[in-house]
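Below: a set of structures, written as structure tokens.
What follows is subunit A paired twice: with subunit B in the first complex and subunit C in the second.
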Partner chain A sequence: MSTQAVHVDLEQPPRRKAKFIRTVKKYWMFYLMMLPALLVLLLNNYIPMFGIIIAFKNINYTDGILGSPWSGFSNFKYLFMTSDSWVITRNTLLYNSGFIILNLIFPLAFAIMLNEIKNRFLAKMHQTVMFLPYFLSMIVISYLTYAFLSDTNGFFNKTLLPMLNIDPVNWYFTKEVWPYILSMVNTWKSMGYYTVIYMAAIIGIDEEYYEAATIDGASKFKQIFTITIPLLTPIITIMTLLQIGRIFNADFGLFFQVPRESGVLFPVTNVIDTYVYRTFITVGDIGLSSAAGLIQSVVGFTLVFLSNWIVRRIDSDNALF
Partner chain B sequence: MSMMVRTIQRFLCWVSVLLLIFLSAACTNREPSQIVVERYESVLDDGAQRDLKDAYTLKLVYIGTPQLDEQLVEREASQYLMEKLNAKLDIIVLDWGSWDNRQNIMIASREEFDVIFTSQWSRHSVNVSKGAFIPLNDLLEQYGQDIIASLDPIILQSAQLDGINYGIPTNKEFAAQGGIVYRKDIAEQLKLNMNSVQTIMDLEPIYAAIKREMPQITPLFVKHGENLNSHYMNNYDALGDTSIPGYILKDDTSTVVKPLYEIQRYIDNLYLARSFYLKGYINMDAATTQMMVSDALASNEYFSIVSPIKPGKAEELGVQTGLAGKLGQIAINQKSLATSETTGSMLAISSTSRHPELAMQLINLLHTDIYLNNLLNFGIEGIHYEKLSDNVITMTEATSRYSPGVNWMLGNQYINYLWDSEDPMKWEQFKAFSEGAVISPGLGFVFDGEEVKSEVAAVVNVDKQYLIALESGSVDPEVVLPEYMKKLQIAGIDKIIQAKQKQFNAFLIKNGRELHTE
Partner chain C sequence: MSAETEKAIHISNPKNRLPKLATFGIHTMFTIYSLLCIIPLILVIMVSISDETAIVRSGYSFWPSEFSLDAYQFLFKDATAIVRAYGISIAVTLIGTITSMIIIALYAYPISRRDFPHAKFFTFFVFFTMLFNGGLVPWYLVYVQLLDLKNTMLALIVPLLVAAFFVLITRTFFQTTIPQAILESANMDGAGELTIFFKIVLPLSLPVLATVALFQTLTYWNDWFLSLVFITKEANISIQYLMYKTMLNIQYLANNSTAAAAIRAAGGEFKFPSESVRMAMVIVGIGPIVFAYPFFQKYFVKGLTVGAVKG
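Let's look at the complex of A and B:
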């Protein structure tokens, strides 16, 4: 048994190569179909990585990217200079963690509920209506929010609060409420998208499990918690891992457009992306913004590996790789 | 199988319906402008259309609102330039709202263009240090003799960075003054004595009356960069880029560079703005609004705005906002002259230009060629305006199709035509206005912020958080100002001010000027 294993190992390199060629010959059409996507990935994601050196240079356009003088880590300095660096890191991480949880609980709950609706037309309609906000631009959403929260003409201040005999609130100056507003807006916008993914996974579950459970006398809730959710664990893990990889990249549109650049709200709305954008727009130095981009990528990359490693330790079937 | 066929059929059906919708939308959008172009096509001289194809196209980039008839004007200008320079013209207009953004991106991505508007408030010195613009001294000597002859040498010289011109200032009024532009019609209706207004403080009774008599009108519209503490209202001199802290006063002799919060009039104005805000004289959304001041006036919801003042400013704004004859202006500080004015509007040549010599000749023409200058500013005679006399023009129904309103960016304002609604003595007033302005001790100096780049980046973000909320009166300076100051200090404002002071002192000594430290 053990000698055989060694034998196989020694034989593997040449055989693996031969096997690869055989696989390509057999499935050449699939590889051909994959080619455009691979090319895009190469052109769009790998070749531009050369630009990473901009983060370590003091760029000027006469010398070009290669000719500009090196500046070591000085471009990174501004990110850690003020108390803001703590605020923006905290905001980015907390919001994104919150969003990951919300984007799991609500879509999952809705997917299960929609799946239980017997009237297919109503289920489809709900699903479509929920999906709609996903396609709206953040600019539009920013104005929708403004229509609710505007100081003088907003729905809250003009209609709702007077009806309840409450004094108008200066929403864009009240930073306490914004973590909730932003979470709500984000959930409302992305819920439809994740619901569809989870619904697709639920539909893929074999009906026989449920039939067997019904015969055994399991209630609907019992079925959900012992069949649906356990069988969804792989997709839940993948979706969560993918989001953790982007935990350092905040949704720029959400944090920049929706609070309408109100400085008073910065302690709860400033995230790394908006901070970097404001710096680039006012200072106009691509070295500074590249530095921030690089940090985001490195941290994101590390986090994906780390969380995947943790998942693999717990249950290797659910890990991404 | 039949199920699948049905799905495909249904899909194709949807696609064709969508296509139809898009196509019809596209068609209805096209038609009107196409008609106008065709209608006026005959006006153009077809004979001059010779080798338009292979000539070099000069790209001119400036800020403004894109105009419907831009193509018509481009074609006309191209034909004229073919004779003069053997080149064509392509106008690229970047919207005010996206100017900072798109300018940065065009420059950083090394897009090819030739002539670009630049200004001290638009990061001229940063772009120069990044190598975005080419030095113009030799080109000016060779192709810009007309500019040298017509432009005041002091202006040309004070626009230099270390003795080199990277931008050619527009020949216009150079003094700066701040004040308010207000609704004359409302003031007359309520019999308000606007002549009593000498300082910002004098506005209080006027605004109180507006608030009392016309509660639906907000007395003053302010926003980021356009408020009681704007630099033009108070003669603050930022000695270069206004986003970098460290100011002197243009109307004072002191050469000590200070942060704004150590200048008394700044603090006074913060408290005044706060009291205005609490009394409801200032728009509640001041800290977040993105509306341009001209749109605010046009909305009929506001009585006044703060504005840089020059002769005829109210009339200019009146034409722009559709309130011609209904606006008045009051200046409320001393006229002054500083680097921000001499470098407030310039044309530079991009380092990506393939024919800098042609670009320089284009700038030279904009400064001297009456036909070309007015073509780009007012459009085509007989279409966008009618001539009443040699230099007085009147509106036509197509005027709104081409009125970019960027005269102060393109070359030389003194050769512009005048609208018949404007004062025929406008240019004489411009000249008189430039005289007798108090000259800032910092004239000619521009701070190079490269050594404190990280600190500036940090301070800029602190400013974004506090500045407009404070300056508009939206928050209580008593509470927020100390917090703001503390954040600025952590961000390294002292280091920036020290660096600025050091460079400024060196400049003063080099130019044989005195240091006043009291």
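Let's look at the complex of A and C:
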């Protein structure tokens, strides 16, 4: 009888309200259960979304956010007039592109080779040790790099370079080396994570493919290029596209902590995320900061949609939505 | 072909094994890389147990000319700041992780039920937060102006409570692992939704709850961004933030030392092994994570491969 009633409801729009009330009555406990998380999501995520109007306003504290006068696109105009806007966009895109390539090549190669280590104990040990950097906070990592790079006491300047008869380098004042240092640190930190993902995919490949290939006389190297990599293509594509979707979002910790806020290095270490933070918290320019933040959110949103659309066309099972 | 002969072919066939040289190469490379992963940590440990004069003389080195535990002695005796910061970090991590796990599970269960007509809407409601955000400025203003949480412990806990990704993972787990038939029969027996959730669903979901708890523990313990943004006063400084502050100014620790205050009151200048203390603090700060991580790792791998989180 109840199914009958639902059926009737669907065909009679005026009674949708009654149906809604019945649903709420029946599942009231569910709403209660979801309440705490809903509150957090509202405060932490949804109310700030409406705050994007700040980017179009000239905020002053006496009038408050809603009372402050509108300023149209002037914040954006100012942003694009600064030389920073070009530098931060270039840095964010270049670093992230580099990271995507590094996060593909090295972990993939490592996963394939790790799979060839037949000594289970050794393989497990290497994997565990490689995962260690992933568990360290960026603050700790900035200390680790400092131990090597410190001008006065660092291992490089005090021990390694003198041994090689090279003059000490003021690392935190030398722009040229930082693209390499940051790329290395990023790869070092995330290697374990991505290796595990590719390892899991390799272990999932049916052993029979390899047995058949062996009987046909294919060498190990040939097997890697004709079986392993082709079968990993879906996961490689998905991992890469997901990262491309986030190419406008830099790793704030990496660019903020590791160069120790050395102003000389800003031309090569300032990215959108650090710019948004510094113009807001350090400089106190709400308009400029929220304009940059809004552009980042909107472009990021578009990119996630675009990359997901591509993933869905390739393999709908692996699409995010 | 019997399994025996198949295995024999597999092993005896030289084509299915890497050449000896390649195997040797792989082993060497992994050994070197593994060393690269722990060497920075070893350097920091060695500096932390170096004598201060040895550091001034020959810099940070893997084998100091003189050992000393002065740095640790200072940290545990004189630096009240570090003990307090440790307490804050532990409290935030414990409260945050437990609360987070509970409210994530409470949200994930209703949206996992296929008979709940609004499940789709509420799934999208949480999923959308992964796609779009309002940016730093409005987010900051909500916590500071609307909620007035600046310099409170709540500001270190609330923002990380609901991680959309884990809500979706938990939902998928509920959907795929809890048999619908059990829920229906419990319902027929007259059990309320809350009873079903606590008595049937949760006990069956320990693996996913463990994964969420481990990830959240790591997130809370390693977080410094929230402190950077919300904490401006002495109170509620977490261990990560203390490390950040001492990185910029090692004297910060001395300012918070009771011994230093006494000496300064007497008109003297307080001296402490600042270089080794700096590094000793890193060791103290990462302590729990490094000891726990081999165990973490097992669940991490499981958590990472838990599969689809589609909305």
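The criterion applied here is as follows: the second predicted complex is superposed on the first by the 237 of 321 C-alpha atoms of A that agree within 3 Å, B and C clash if a C-alpha of one lies under 4 Å from a C-alpha of the other, contacts with A are read in each partner's own complex, and residues count from 1 in each chain.
Rule of thumb we're sticking to: a contact is a pair of C-beta atoms (placed from the backbone, for glycine too) under 8 Å apart; a residue touches a chain by one contact, two chains touch by 3 or more.
Model, not experiment: these values are computed from the prediction.
In the superposition on chain A, contact is made by A:V283 with subunit B only, not with subunit C.
Within the superposed three-chain model, A:Y78 lies in touch with subunit B and out of touch with subunit C [touch as defined at top].
Counting residues of subunit A touched by each partner, subunit B versus subunit C, the larger count belongs to C.
By the touch criterion defined above, A:F173 lies against subunit B but remains apart from subunit C after alignment on the C-alpha atoms of chain A.
In the overlay built on the shared chain, the residue A:S150 is in contact with subunit B and with subunit C.
In the superposition on chain A, A:T62 contacts subunit B only, with no contact to subunit C. In the superposition on chain A, contact is made by A:R260 with both subunit B and subunit C. Contact with neither subunit B nor subunit C is seen for A:Y209 once the two complexes are overlaid on the shared chain.
Residues 150, 152, 260-261, 280-281, 286 of subunit A touch subunit B in one complex and subunit C in the other. Across the complex, subunit A meets subunit C through its residues 23, 27, 29-31, 33-34, 36-38, 40-41, 43-52, 54, 65, 110, 113-114, 116-117, 122, 125-126, 128-133, 135-140, 142-148, 150, 152-155, 157-159, 188, 193, 196-197, 200, 210-211, 214-215, 217-220, 252-253, 257, 260-261, 276-277, 280-281, 286, 289-290, 293-294, 296-297, 300-301, 304-305, 317, 319-321. Note for the complex: subunit C touches subunit A at residues 6, 9-10, 13, 15-18, 22-23, 26-27, 29-31, 33-34, 36-38, 40-41, 43-44, 47, 55-56, 58-62, 103-104, 106-107, 109-111, 113, 116-118, 122, 125-127, 129, 131-142, 146-147, 158-159, 161-162, 167, 192-194, 197, 218, 221-225, 229, 240, 243-244, 247-248, 275, 278-279, 282, 285-286, 289-290, 293-294, 296-297, 300-301, 304-305, 308-311.
Residue ranges of subunit A in contact with subunit B, taken from their complex: 59-63, 74, 77-78, 81-84, 150-152, 170, 172-173, 260-264, 266-267, 270, 275, 278-286, 288. On the subunit B side of its complex with subunit A, the touching residues are 100-101, 104, 107-108, 110, 123, 126-127, 129-132, 243, 284-285, 287-288, 290, 351, 453-458, 460-462, 464-469, 474-475, 487, 490-492.
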